[in-house]
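The structure is given below, and queries will be raised subsequently.
A, B, C, D, E and F label the chains in the order they appear, each numbered from 1.
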Amino acid sequence: MRLELMTSPAVADYLTRRQGILIPVGATEQHGPDGLIGTDHLCAQAIARRCGEEHGIVVAPTLSYGMSQFHLAFPGTVTLRPSTLAAMVHDIVASLAATGFRRLYFLNGHGGNLAPLRCGIQEYHAARSLAGGEGLASVQCRLKSWWEMPAADALRKSLYGAQEGFHVTPSEVALTMATHPDVIAPFDRPPPITVGEDLIVHAGDNYHDAADYRARFPDGRVISHSALATRAAGEELLKLAVQDLSADFDAFCRAA
Amino acid sequence: MRLELMTSPAVADYLTRRQGILIPVGATEQHGPDGLIGTDHLCAQAIARRCGEEHGIVVAPTLSYGMSQFHLAFPGTVTLRPSTLAAMVHDIVASLAATGFRRLYFLNGHGGNLAPLRCGIQEYHAARSLAGGEGLASVQCRLKSWWEMPAADALRKSLYGAQEGFHVTPSEVALTMATHPDVIAPFDRPPPITVGEDLIVHAGDNYHDAADYRARFPDGRVISHSALATRAAGEELLKLAVQDLSADFDAFCRAA
Amino acid sequence: MRLELMTSPAVADYLTRRQGILIPVGATEQHGPDGLIGTDHLCAQAIARRCGEEHGIVVAPTLSYGMSQFHLAFPGTVTLRPSTLAAMVHDIVASLAATGFRRLYFLNGHGGNLAPLRCGIQEYHAARSLAGGEGLASVQCRLKSWWEMPAADALRKSLYGAQEGFHVTPSEVALTMATHPDVIAPFDRPPPITVGEDLIVHAGDNYHDAADYRARFPDGRVISHSALATRAAGEELLKLAVQDLSADFDAFCRAA
Amino acid sequence: MRLELMTSPAVADYLTRRQGILIPVGATEQHGPDGLIGTDHLCAQAIARRCGEEHGIVVAPTLSYGMSQFHLAFPGTVTLRPSTLAAMVHDIVASLAATGFRRLYFLNGHGGNLAPLRCGIQEYHAARSLAGGEGLASVQCRLKSWWEMPAADALRKSLYGAQEGFHVTPSEVALTMATHPDVIAPFDRPPPITVGEDLIVHAGDNYHDAADYRARFPDGRVISHSALATRAAGEELLKLAVQDLSADFDAFCRAA
Amino acid sequence: MRLELMTSPAVADYLTRRQGILIPVGATEQHGPDGLIGTDHLCAQAIARRCGEEHGIVVAPTLSYGMSQFHLAFPGTVTLRPSTLAAMVHDIVASLAATGFRRLYFLNGHGGNLAPLRCGIQEYHAARSLAGGEGLASVQCRLKSWWEMPAADALRKSLYGAQEGFHVTPSEVALTMATHPDVIAPFDRPPPITVGEDLIVHAGDNYHDAADYRARFPDGRVISHSALATRAAGEELLKLAVQDLSADFDAFCRAA
Amino acid sequence: MRLELMTSPAVADYLTRRQGILIPVGATEQHGPDGLIGTDHLCAQAIARRCGEEHGIVVAPTLSYGMSQFHLAFPGTVTLRPSTLAAMVHDIVASLAATGFRRLYFLNGHGGNLAPLRCGIQEYHAARSLAGGEGLASVQCRLKSWWEMPAADALRKSLYGAQEGFHVTPSEVALTMATHPDVIAPFDRPPPITVGEDLIVHAGDNYHDAADYRARFPDGRVISHSALATRAAGEELLKLAVQDLSADFDAFCRAA
């Protein structure tokens, strides 16, 4: 049930039964020597859409552009500033809330998006909280990245261990091999470039610009052995992620 | 050549030959009793992607959310504030310029987007102009809506005349029947609701909010007889629009 | 009835009878070798003020600064960023609405302003629409450029045809000759510089910065033969524009 | 030498000799039972323009809208938010600096503008300072309100003493009687409403909204005896202010 | 009664008796060859906290960062852009108002903060005023710099006269000697650098960037003879300022 | 070495040897029935300052206000909107970078701050990345919360296990008992209120407003048994956190 392929009366009808919606979010950024530029949004989109189809959940159009400033030294990258992505998310939350949705589930495919997504959601809630907000219908948002889905997470760890890395991971490459089998052939990929341990340990805590990033990670991958990806693994990851997402979405909608 | 399905090295290679890119833009908004909520972005996307495939042009991921505030009284509508859409466009222009693109062609599918798109592009240029800007590589943008493509425009006028209307036009419905034949069946559509001439004459000059809009146009259509749409017409519109776009894109890239 | 020359009680009294207001908007930007820098706001101001006097309509102070980034390579140009002009328009709409006006008619004198003006107006409406907006008094805005006034438009086309051009048009120069006869003498003006057809065809769709603009249009005019302007033509244009504006303003205020 | 009545080449010529400009700023806000809504911008404009004419200084178009939020409970008031006025001033400074001006003198006519004007100017300088800024041409701004001009200030104090008050002062009313003798007749004005001393003492330090303001100052004046204004006093104030401004502007332009 | 050292129930209890709060604001910026970088916030903080302790007034955490762009050519300076400081103040006002405070007294220690503080406060009030605002509880703010406290002001003038200067004043240095006796020893300070009279006269009206500032005031002080500071004077200034502040705060809270 | 207690020449001297700085960040928000409102900033501040003293590291003034919108239904809470906190962090990074710092270590004490802090830092880097950024000195930021310090984290887990909870944790209360022994007495605290498991599991992924939050967590604590806190545990946590921080800061400064 892709929102863009529904009519407005059909949405009105859905809202009488259910007020939840899935919103896939990703990025448009370099994915090393052979990953797809759209990997992050293609993964989130595929999981959300299949979940929507199988479980009758409305899925909003994918947010294809994310916060990717540190990848800008590689062509094909397009970034939104953090403030722009946050504003966009604010408006989407405000629109959905204004038209009757009450449980907004953002399924994310790019780690760099998490902070701006959270800021955008909370900018909406901050306005309500500063205005008092009591008496308004409760509007809740949940934000998860697909690799947090428990069964999918377990599988990627068992398949790739430390070689999963942090960017251009074999699991996300595998997912795009499943969703776009004609685009990503099982071609020879180079092993990851070895980088210092310090870079690895603090990858999530350190912040720098695109020139710094490219100097550290010259082929664009962050210690991920993307060559380990297979289409079969991608199909399994997709199946497990959809199951997990469906269960988590239901729990989210049921909770007070 | 969808950007999201390319690798970064492939984009780098393309840039050595060509610096132009197509960027489809649309909206996620009510389209009356039976038009698709994604009509505006589906149309722009279909034309841009087919043009990209046939003519070897890189096509960026579609901007699926647009400026649709006046439709917010109908469920399924999601709007970006004008300032948000402008910021998004600014960032996309700045990113593409920073990574080597020089001719950015926005293909639009929603009239309400035109002002924010122009503002976003010019916000980028204003910063360059205020900083002096001489010596910087020229970065040019072109913005057109698909219905301005000459042959497609002539066809829609000959097919529908005044019944084309301004929103949920038979031509855009026909296009989505061509691109999504399984979704839009040739089902019975009601004729448009008759509205006062004054509403029609000034549709492009008047500005009001969503409550006002719904009071004026209670079924969501703006004097368009969407029931006239056929899949065959949609296929012809698509073909003509792609031809026109290809020629216009080439002229844009060749010009100084 | 210039707002700035009224007292607050007089405005309160006017509002008991009528809730419409005229707001002239222009720019402060180069107008070629001999056009006035204030041409755009002087034209809009003259038409709005005479209309206000003759028909008892309140006219707000002129917005003299507009969006003129592409003219910044010529001294005397002052631009607002698109976002700034939009914010200014938002605030003016919000203020007038808060104090009782219901029909706000922007009379524009500079094409580059249209997008920011639309964005500013719709930013106001977007806030209302996202908040629900039902039950609020309807606040409507209309935006027209003076050269869209039908009789004035017909005259300028019959007088100048293709030599009207797009910037420093003989019609706007004629208008300033009528309003400022002592400033603009009927002196010898050079013919327009010939530019490539491609520049002309796409003038309204293409976006670039000030350095690009000056390289294309080195004397500042955009294929306009400003030397054709006469004071007599300016007086006739002024008279016709005022008549058209008065009729359009009345229709706007009467409409639901 | 009003900028709007000059041509771009004339400005270029002026800049070879002098890089200073006068920028009048005011407001559009209620001025009690009989003061003009435009009083603040009319006063600044009249002084700046006469100074420009007599001393060959370029005068920019007047900023007619200011920060007047506390007057919004009285019709005819239009406010810019502080952030909007600051953005506008930023852009004007940036434009004038980009096109060759180096000494920008803001002549203010409304106390409520001072903070936003300072913020706008310093927003421009903050960007330069954060970027290093060394090596850039020095761009300096001066900001004064007309009533700070020494001789004019001495006169208004000698004429009105404590009855000058803080809003709708007899001196500003006198100035508009001089500049618009046909609009402001020497009609009977009521004496000021008496308010508590606490309101008076802290007028410049306290901040509240429009509802609070109107409750305190129900006829819109802030302890000013506007009925004392005469046209003759206005003419003298205008003459003295122009002399002071000319001297101060020259000192500003000469200083390192 | 420092807010950060209270519990939420204790604040709720305080609000049943009193709705006033003190908010100290300062800066983090160079203070010449031997003044402390935190001088401005340390002074405001010391006065506000002692006043809070002695008179049972809640004191909010100090805003330690201010608007200091013109000091950026000296290490140790950290500036907020004017727009950022204004946004911060807006949010603090909105939060305190939303949770029950009604009289917000900003005690300032840095002249450069005044404009952004005023803008932030009025941005809050502008939103209320544009929304109508009637019926809302009155929320009032007062803003004073500590050197405006009458007895403290008289003392600093009597002690230092013209040698007080405008930045790194002996009175503020004395205050920090009183509050941080171990940090600031009564060491030899150089006399102030002599600058042209023009610089002095217009210090409060002129605006320039950090490079300009450092060129004018090469040791960071603005004609202040900071070597005259003594710890004893600081203790007296502190005592007097606290007395003045207490009285002014009470008057503020009592007034309608 | 608190920055606010240094002189500018001392900072310049420090920068010749070292370019790193510690920046503590916290919040001003309700901490249940008996935790201090300033807990979050007091903890980060205490750890950073002791680390600075013991290891000769410059420590910037604490950011005492954070992003606390969801606590606004409890008095004493003050929130910055996410966008405001991000802007503040941007300016601090830009200022420190402009004056010579190259390694900026944010030590955080409030989970709700993480997203805005990351956005602010990356907004700075995004501007550099979009501008090319090559050739600029590398400016790197690290962001960690004090409870991530390994030894401190191990201790709090061993002491409190699941009773640590998510807000008003016994470990943070213990820390404030160590730093403010006179303020926080070892008084009787109630056990935490039991809440549904679903609330707990998704605490970090769910977003709602202040009214929703208070309905869920009526005494303000999030399943934390704050009564377990002791001053001795706080002293040990402080010691361990300082050791960890010192080591991590050194590694950060040494890394390329």
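Just so we're on the same page, a contact is a pair of C-beta atoms (placed from the backbone, for glycine too) under 8 Å apart; a residue touches a chain by one contact, two chains touch by 3 or more.
Computed from a predicted model, the values in this text were never measured in an experiment.
Number of steps on the shortest path from subunit A to subunit E, with steps defined by chain touch: 1. The geometric centre of subunit A is 27 Å away from that of subunit F, both derived from CA atoms. Mean C-alpha positions place subunit D and subunit F at a centre distance of 45 Å. With centres defined as mean CA coordinates, subunit F is found 25 Å away from subunit E.
Each of the following residues of subunit F touches two or more other chains: 72, 79, 81, 83, 91, 95, 98, 129-130, 132. Chain contact topology: the protein chains form a pattern that is neither a line, a ring, a star nor a complete graph. Chains touching one another, given as pairs, are A-B, A-C, A-E, A-F, B-C, B-D, B-F, C-D, C-E, D-E, D-F, E-F.
Taken together, the subunit A residues at the contact with subunit F in this complex read 67, 69-70, 72-73, 79, 81-83, 86, 112, 114-116, 118-123, 125-130, 132-136, 138-144, 196, 198-199, 202, 205-212, 216, 251-252, 255-256.
Residues 129-132 of subunit E are the ones touching subunit C in the complex.
Within the complex, the subunit A residues that touch subunit B are 2-12, 15, 28, 30-38, 41-42, 60-65, 72, 74-81, 83-84, 87-88, 90-92, 95-96, 98-100, 180, 183, 220. Residues 91, 94-95, 98 of subunit A are the ones that touch subunit C when the two sit in their complex.
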